[in-house]
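Input: a single structure, listed below in structure tokens.
Chains here go by letter, A, B, C and D, matching the order in which they are written, and residues are numbered from 1 within each.
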Amino acid sequence: MNGHRQRPGPAGWAARGALLAALAGLVLVVPAGRGNVEVHVFTQAAIYAVIGLSLNILLGYTGQISLGHQAFVGIGAFTAAYMVSRAGQPFLAGIVMAMVVGGLQALVLGVVSLRVTGLYFALVTLAYGTMAEESLFNIQSLTGGSAGQPAPKPAGFSTDLRYYYLCLAFLAAVIWVDWRLMRTKGGRALLAVRENPKVAATNGVDVKVYTLMAFVVAGVFAGLGGALLAHNDTFVVRDLFDFQLALVFVIMTVVGGLRNRTGVVLGSAFFSLVGYFFDKLFSGGLHVPGLKVLPKEYVPIVIGPVLLLYTLTRHPGGVGQQIRPLQRWLRGGRFSFKDTHERDVRVTDARA
Amino acid sequence: MSAHVLAQAVVIGVITGAGYGLVALGLVLVHKSSGVFNFAQGEFGTVAVYTLYRVHDRIGVPLVPAIAVGLVASVAMALATERVVVRRLFDAPRVTLLVATAGVALLAISLELWLGEARLRFIQPALGRLDRFSLFGVQVSDQRILILVALLGLAVLLGLFFSRTNLGLAILAVSQEPVATELMGISVRRLSSFIWGLAGLLAGVAGMLAAGDAKSFGPGFMTFGALIPGFTAAVLGGMNSLPGAFVGGVVVGVAQSLAVSSSAFKAIPGPGAVMVFVLLVVVLTLRPQGLLGKA
Amino acid sequence: MTRRSSRVAVARGAAVAVALLLAAACGQKSDVGPARSAAPAPAGQDAAGGGAAVAAGPGGSAGGGSDVSAGATPGPVASGASGGTAPAGGSAASPAGGGPTSPASGAGSAGAGRGTTGSAAGPAGSTAGSPGPTGRGPASAGGGASPGAAAGSGGENGGPGATSPVPAPPSPAAGDRTGVTEGKIRIGVHAPITGAAPFPQSAFDKGKDVYWKYLAEKGGIFGRNVEVVFRDDQFNPSRAVQVCREMVEQEHVFILMGAAGSEQITACARYANSMGVPYLSAGVNEDGLTGLSSYFATSQSYVQQTPVLVSYIVNKLHKTKIAIVMNNTPALNETQQSVTKLAQAAGLDIVRNSRIGKNASDSELLSEANALRTSGAEVVYLLTSPVNFIKLATNAQAQAYSPVYLGPGITNGLNIVAEAGCPAIGAAKFLSPFPQLDVIDKLDPDYQKSYEKYNGGRGDDIGLAEWGLSKVIGAMLQAAGKDLTRQSFVNALESGRDFTTNVYPVVSYSGSIRFGAKSSHLLEADCNSRTFKTIAEFTTGF
Amino acid sequence: MPVLEVERCSIRFGGVQAARDVNVRAGEWEIVGVIGPNGAGKTTTFNIVTGFYRPDAGRVRFKGRDVTGLAVHERTALGMGRTFQNVGLVKGSTVRENLLTAQHLEAGYSALAGMLGLPGTFAAERRLAARAEALAEILGLTELLDTRVAGLPYGVLKRVELGAVLATDPDLLLLDEPTSGMGPEEAHAFGATLLDLRREFDLTVVMIEHHVPLVAQVCDYVYCLNFGELLAEGPPDEVRSNPEVIRAYLGQEADEVLQQGTS
């Protein structure tokens, strides 16, 4: 930010404080007043945010597209479920193992990405996701097959509300890591690699290693997200992790705004909540005259693509770019739209 | 596995694979002309089938005109995609376009889920008795014979189109040398529309044949069932050769059905998907120019 | 892009997300309208307002949601590898206070009492925890109150419930009265209308209320009419748990019913049990359901149906070579074993014994068809989803292979299966809890009459299935008496009396017997009419 | 002991022999010029030196160590710094970010420690930031620190790139046409800067350069390549008056060279 700008007066700070407090209230206090079923949905929003940030590392920072992210998440979910209900391990062990396994499988895919880049790599991830869905998640001894695997909530967090706060804590941790990553050498290296591997290398960046690192981090986040998802539903089944989900993940990240933490979090939360609020607004589905009722399950995949295409063609920066004025204002800057129309943000892969 | 099962697998593989080949053709055409990986290719087909079903079963239009309407629908969707999405993102990175077309596909699927019912629909075979013919001791339904014939016919027609007609040659030209073609006085833009339309048509035919073969269809069945094999087929063909794509389709189809019917894979669930994934990765890593594509 | 449009974009980008969250905060549609179209700054102020309103939330302001649900100690059933959900405290937020949550659920309802946790009546009405496995508990006063969610752990009580618009007089008797008011009984049904089981939703919707309307005209159940809440479980167990949760914790249904799908039924039954909600379903697997104190099967389980079918193969079909094909889910292992055992005992030759995935691909089903053909099985004992069955049969027939298909089932005997599967399925035979349309007029003339009356046109078999199930439930509710509570309902069932409907088999339960159906109907596909015909009513064997 | 020794390096792409038996030596503190008409193999030689190309034959020694087998980033770690003909910067980032990115190896903490936000890393980042600003100061980029690189004029980009390379703390600076796009006097000014920088960061410099006057001004030794082969080497004046060289330049730059020769 440019150093020389006049600071807002006390009133200004008060207003900013009020807004922040209100937002904090929305996130922390509101769910406390809601029923379990609704808290369950809010929890899912927090978890989606984790997943969104995971995908953002690939799609945004390294420009590697992943159309198989449902596999990343699913593997985490099933690992956690297996650890808890088959191996009889405690919740935390399940989480850790989910992150480890998530990271490892991402590493393998990363190795492939070193040879196969751009559009072709997108194909590989697509096939990978489907393979996981059709085959991996059907191995009964591991996933319980079509009957699925139970994943009870951890002791001490057995109510939806407490579990919600637990997930918020995990989200906070992920945000912290993502923030520090981009403020230190690792993140800078990733951006350089994404834009111009040659330059990155001349700057002393080991392109291979950092690409793999990005995959591992993304995999670890996704694994965590999956594990949390499993325990939130207390039950995990393969049917959950289909191609649509993968696309929803991509959409929520892109619409949220690549390389924009806040945007991605908002976008992810939005797409996990939209069906639910839609249901609240028009209870029992949208009655379009002449058409069938639109059930809430389908809302995200109906409006998702529309928002996606709108974002890609009109606002490549996504939500994140549009709320920059607000963020700048909150940081004490002026409220101006100067950079809400830059089109430099793109779903891009330098090697595509 | 027994000789019978083997023969069976091969025959089935060839038929389903030819279907993949059609999808692959569309993918390659589009990729050659505009460098786009079109993830909506499969959905063009599904839309054609849904339209056909609605017009034929609901409104009661006889089959042949209904089929025509269905194909028109898929072509229209393809053209719309080209106009509304692809042109707007013309200078955007190709991956952006990929995501965009994926968005188009998802939109189509969600509309199918919403407007048509979410469940699988079963359709009666167009032909009555099912088991008249026998290839290598394998019973093959009239339906499948019909499909095989249709596919071969289509392949031949396409071959002629691209080797004999000016338009066909122009398309090949534009895919090799856009600028040169422009100089030759052929409008690349108009060609682009035409190519997308053609891709839509191919997808439509592929969708109808696939639905006829499985005797059932549901929302997004082409995307979930044929898109990935189609891409794999295209990659086998090096993403640039039309015959290569078609042959690649057959290869994928046979490989898939062998994997499914061979007892070796019994332990693994979903052997078909595994086979496709392995095939794709192996080809891309070991022979990126494709098995049949020129280096 | 112009500065102006970017401003619009900001409104869209920032405000929508914030505004939607506000909708949650205030639970009012009206709050969303302005906030949505507002520029971010005002939206921010709204947020502040929302935040303020929320601060009062837990206190139970009429606007915000009311009762805070604290932790419930995971019951033995829920915490284990049980497939059930952990009994998350209480039965959800006030449907009344948070109007938009579920407008329909304005009906007063009482929270469930946890055996140990005494439930303290809040000023506005009740609070209560989720019942333990026994589902017994002291009554909470004021049927008019929204169910509070009381903590299991430490037994701290939730905040006072918000008053509901429809007050109901407090009832004298002890018991859990959720979903029951003077005029109404709310029951929840889940069934797959999307996914691998092809049920046309339209048919479901048409049929679900016919019997209850019919009953209402005859005075209802002690003056109460039954309202059915329906949810689609998408043939997915996880989804089933979610929708059952919604029905229990948001819609506050009195009891739950599962129409079909063993995995969905098992998953949901376990959840219902953890919440002490009585759960009834057509008979499926026993494994995973036995021992659930709130579960009752309204028809014979798959295992119970085995001897009937085996005796049919031996004495009626006179075939010896059979193949067993079942969906590949652990819940059906017991069925597979029982069939294998009985078949061998009856001297049948099991030439193939295979399981296929619920989402098996076409080519997998094709190769299964081949394997069956090569195995030379004359009879295929089949227990799969209708989709898999039809595809399997079609592929088999394309191989000029047409064995006799038969098996237990609820969904495979439906006419839509014959419609889609004929001619491939041949004269397939399936046991069913309900008869087919060809005999219903003889067994229960009221069905078609009523269907005609409330929907117009002839009733279909899906409607008939719903009619039959509703009739059983109706009889049970009747038996529970005027003072209807979950406890009195369960007591009535466990009393061991017979429930006779002439549609569903006669059924009776006891404390230990939960699979209490005595017989089933045998249906046979008739591919000329593309329908199923009833070839044996209320059969117990051949 | 020479800092850089390129010994008889050859590489061919398909039918084209891009470099044959090229020898280049650069002693400590030397500024060595590499000249030659376009397509003479100058940049190819740079790519061999920095590791983007593996030579089919020949060796590359850096500070006496054989680095022929090493990857680009490893050579950077040893102290090679290189600029590109078409500016090698992260265009999407600001000048400051570029200067930070270039200090990748100077960070003094692991990427993992960085993303976990371990205590030490914050101090380290402050250090890097300070160094970035110092460099900006030297190159007169302070005002531009927070502007995105993408928009900046070519000349400035060249300066930023130079700053980035210096940020990697190199011992050997390989400059690929540092003055392209500059006018004569700018070029001359650059020459002065270069001499200052050499003193300040005690550098050895190898630069590909077309501006013969600049070469004459700063270079201690000059290599002239043509068609991938070494045509002549020696002190600037010697090479400049070498008839072979003049012939090589005939056509495109000959007249230019000649009149400069007479001036």
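Just so we're on the same page, a contact is a pair of C-beta atoms (placed from the backbone, for glycine too) under 8 Å apart; a residue touches a chain by one contact, two chains touch by 3 or more.
The structure displayed is predicted, hence computed values, not measured ones.
Asks: Measuring from the mean of all protein Cα atoms shown, which chain centre lies nearest?
Replies: Central chain: A.
Asks: Select the chain at the greatest separation from chain B, using centres from the mean of Cα atoms.
Replies: D
Asks: Does A-C or B-C have the larger number of C-beta pairs in contact?
Replies: When B-C is set beside A-C, the one with more contacts is A-C.
Asks: Between chain A and chain C, tell me the centre distance in angstrom, where each centre is the average of that chain's C-alpha atoms.
Replies: For chain A versus chain C, the centre distance works out to 33 Å.
Asks: Taking each chain's centre as its mean C-alpha position, how far apart are chain C and chain D in Å?
Replies: 73
Asks: In whole angstrom, what separates the CA-based centres of chain B and chain C?
Replies: The mean C-alpha positions of chain B and chain C differ by 40 Å.
Asks: Indicate the whole-number Å distance between the mean C-alpha point of chain B and the mean C-alpha point of chain D.
Replies: For chain B versus chain D, the centre distance works out to 51 Å.
Asks: Can you list every residue of chain D that touches 2 or more other chains, as numbers and ranges?
Replies: Within chain D, no residue touches at least two other chains.
Asks: Could you check chain C for residues that touch two or more other chains and list them?
Replies: 195, 357, 361
Asks: Using the touch definition from the top, which residues of chain B touch two or more other chains?
Replies: Residues 269-273 of chain B each touch two or more of the other chains.
Asks: Which two-chain combinations qualify as touching?
Replies: The complete list of chain pairs in contact reads A-B, A-C, A-D, B-C.
Asks: Per the contact definition, I'd like the list of chain A residues that touch chain B in the complex.
Replies: Residues of chain A touching chain B: 63, 65, 67, 112, 115-116, 118-120, 122-124, 126-128, 130-131, 133-135, 138-139, 145, 242-244, 247, 250-251, 254, 291-292, 294, 298, 301-302, 304-306, 308-309, 312-313, 316, 346-349, 352.
Asks: Please output the residues of chain C touching chain A within their complex, sorted ascending.
Replies: Chain C residues touching chain A: 1-3, 6-7, 9-10, 12-14, 16-18, 20-25, 27, 29, 32, 40-41, 44-45, 47-52, 54-55, 57-58, 64-74, 78-90, 92-94, 98, 100-104, 149, 151, 153, 195, 232, 234-239, 241-242, 245-246, 249-250, 263, 266-267, 327-331, 357-359, 361.
Asks: Please output the residues of chain A touching chain C within their complex, sorted ascending.
Replies: 15, 18-19, 21-26, 29-30, 32-38, 40, 42, 85-86, 134, 138, 140, 144-148, 150, 152-153, 155-162, 233-240, 266, 269-270, 273-274, 277, 280-281, 283, 295, 297, 314-315, 318-319, 321-323, 325-326, 329, 335, 337, 340-341
Asks: Looking at the complex, which residues from chain C come into contact with chain B?
Replies: Chain C reaches chain B through residues 193-201, 357, 361-364, 366-367, 370, 374, 387, 390-391, 394, 397-400, 419-421.
Asks: Under the definition above, what is the set of chain B residues touching chain C in their complex?
Replies: The touching residues are 2, 4-5, 8-9, 12, 16, 117-122, 130-131, 139-141, 144, 214-216, 225, 256-257, 260-261, 269-273.
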